[in-house]
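Both complexes below contain subunit A, partnered by subunit B and then by subunit C.
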Partner chain A sequence: MKILVMGPGCPKCEQTEKTVRDAVAEAGIAADIEKVKDFQEIAKYGIFSTPAVVIDGEVKVVGRAPSKKDVLDWLK
Partner chain B sequence: MSNCACSCQAAPKFVFSCSGAADVGEVADQAARAVSREGAAKMFCLAGIGGKVSGIVKSTEAAEKVVAIDGCPLNCARKTLEEAGFTGFEHIQLDALGLKKGESPATPENIQTVMRAVTEAFSK
Partner chain C sequence: MSERNDISCACGAGAPKADKNGAGLGRILLLQVLAVAAWYVLYLQLLPFANWFAYGLLGLDPASHFGAAVQFFVYDTPKVLMLLLLVVYGVGILRSFVTVNWTRSFLAGKRESAGNVMAALLGVVTPFCSCSAVPLFIGFMTAGIPLGVTFSFLIAAPMVNEIALVLLYGLLGWKIAALYFATGITIAVVAGWVMGRMRLEPYVEDWVREIRAGEAADEPRMTWKARFAYALDSVRDIVGRVWKFVVLGIAAGAAIHGYVPEGQLAVIMGGDAWWSVPLSVLLGIPMYTNAAGVIPVVEALLGKGAALGTTLAFMMSVIALSFPEMVILRKVLKPRLIAAFILVVGCGILLVGYLFNAVI
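For the complex of A and B:
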């Protein structure tokens, strides 16, 4: 599973990365988590607001920091 | 100021155009592009909504405001957004602005008329 956390590095983006890492650890699954800060890369996904989370190519959330429960639901 | 677009800043405003084949579709398209160029809102891809492209759908969900422009009474832009589950967006139909299909070429005057309506819709 490949997870992209999109965001330039603002507090909500950092919080999103931590939430995703916590959720992956709690779920006990193997996932490649990558932080994407480049806006050109982010825009390629049709994302125009951050933070955003992309799991295996599918955008799950844009413009808000998800809860751990949100992420755990996406990992199922 | 950085080009940060995080949610700590204002969410984007999106304008969608039917961009249909008729003259009024061209007027709607050109007006949306002009509004986008001027910076009042960002023109976004209606085809991405129809195709359920996840980034475009989720970005639209996160938008502060959405305006849809339809050239004719078929209202394809409005129906596309509704089909994807969007409600509460502003809708502009060129027919209601007096621009009739087949009689309204993409002149600067017609484009300006629609641009004014779009700007007004965003100010509501």
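For the complex of A and C:
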């Protein structure tokens, strides 16, 4: 499973990355988590507001920090 | 608008999962109706309570400075915080619909003029933090939204916001709040339109124009439960962050209200000195704070005799022309375009300052 956390580095983006890491650890899944800071790369996914989370190519959330419960639901 | 959406929710979003989610959603809606009713009843008690507290319980004299200051503080603090709770929650629900991606596809294909107006109005409610300015700019450009329309959005988004509106309404009355809203939107519309006429497209960084962005991502639809949770979350986040400023600002306001002699600032920021408006704009640009931080200052300035136009100009230059935002935008805009942006918005703010000093 490949998880991308998109964000240039604002507090909400940092928070999102932490939430995703916590959720993955809690679910006990092996996932490859990557932080994407490059705007060009972010725009390629059709994402124009950060933070955003993409799991296996599917955009899960744009423009808000998800809760841990949200992330756990996506991981199922 | 939210009312209409409430109706559509009952038959739309709730339908597929009626069995599982219907009961839960009904309970949440009922709780919300009860909460709003309780809010209203409580709100009506604030003034009698403040009067009773200051003049009855503490036995202060309504005519004394101290009595007036205490009554002001005890009335205004819960009033502004309660208004903030309600407005931030309502805007939170609205924002769960008006996402940046939705705004982008809505504005795509709109012409200038009407586009400028719609962009400015959407800028008020679209969730957007300054670190999102670059992706948002790319999103608008790749959707073919005209540069001037994009700027109407970028100007209105920080300048007119719900917290500033609540604070102005709570501390200075609805007339000044309405004035701030109308002038903020007008500056965003006119400045964006002027920038559109200036043909500044070559001064967008080349790499932005070469980007081939995908279609706006399809986000999974939010359920009504998720929208309410999102609104509640934004209340926690926003009110949690700004309440300190609000209390401090009202305490300062109460002290000014009771003690400071009027007219102290009239010499520097009064309506008579022609240079006071440009000076306050120049002072405002390098300052960086959000609306919650600047409005208590605004109240203090007005209380000490500063002219309304000068003060509004100061406030708008602080929120709309912040230096850090320019640094962020520099990634996508060449210096000449940033200079044009500062110049056009600055002129708009100057005009507003002079206009209000002349009229009021």
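Note that in this section the second predicted complex is superposed on the first by the 76 of 76 C-alpha atoms of A that agree within 3 Å, B and C clash if a C-alpha of one lies under 4 Å from a C-alpha of the other, contacts with A are read in each partner's own complex, and residues count from 1 in each chain.
What we mean here is this: a contact is a pair of C-beta atoms (placed from the backbone, for glycine too) under 8 Å apart; a residue touches a chain by one contact, two chains touch by 3 or more.
The structure displayed is predicted, hence computed values, not measured ones.
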Using the superposition on chain A described above, determine whether A:Val61 touches subunit B (first), subunit C (second), both, or neither. both
Can A:Gln40 be said to touch subunit B (first), subunit C (second), both, or neither? second
For A:Thr50, select first, second, both or neither according to whether it touches subunit B, subunit C, the two together, or no partner. both
Tell me which partner A:Thr19 touches in the superposition: subunit B (first), subunit C (second), both or neither. neither
Residue by residue on subunit A, keep only those touching subunit B in one complex and subunit C in the other, then list them. 7-8, 10, 12-13, 39, 45-50, 52, 59-64
Subunit A residues touching subunit B - in the complex, by the definition given at the top: 7-8, 10-13, 39, 45-52, 54, 58-65
Of all residues in subunit A, those that touch subunit C in their complex: 7-10, 12-13, 39-40, 42-50, 52, 59-64, 67
Hey, which residues of subunit C end up touching subunit A in the complex? 99-101, 104, 127-129, 131-132, 134-136, 138-140, 142, 207, 211-220, 229-230, 233, 331
Which positions of subunit B touch subunit A when the two form their complex? 2-8, 11-12, 14, 42, 44-45, 48, 53-59, 61-63
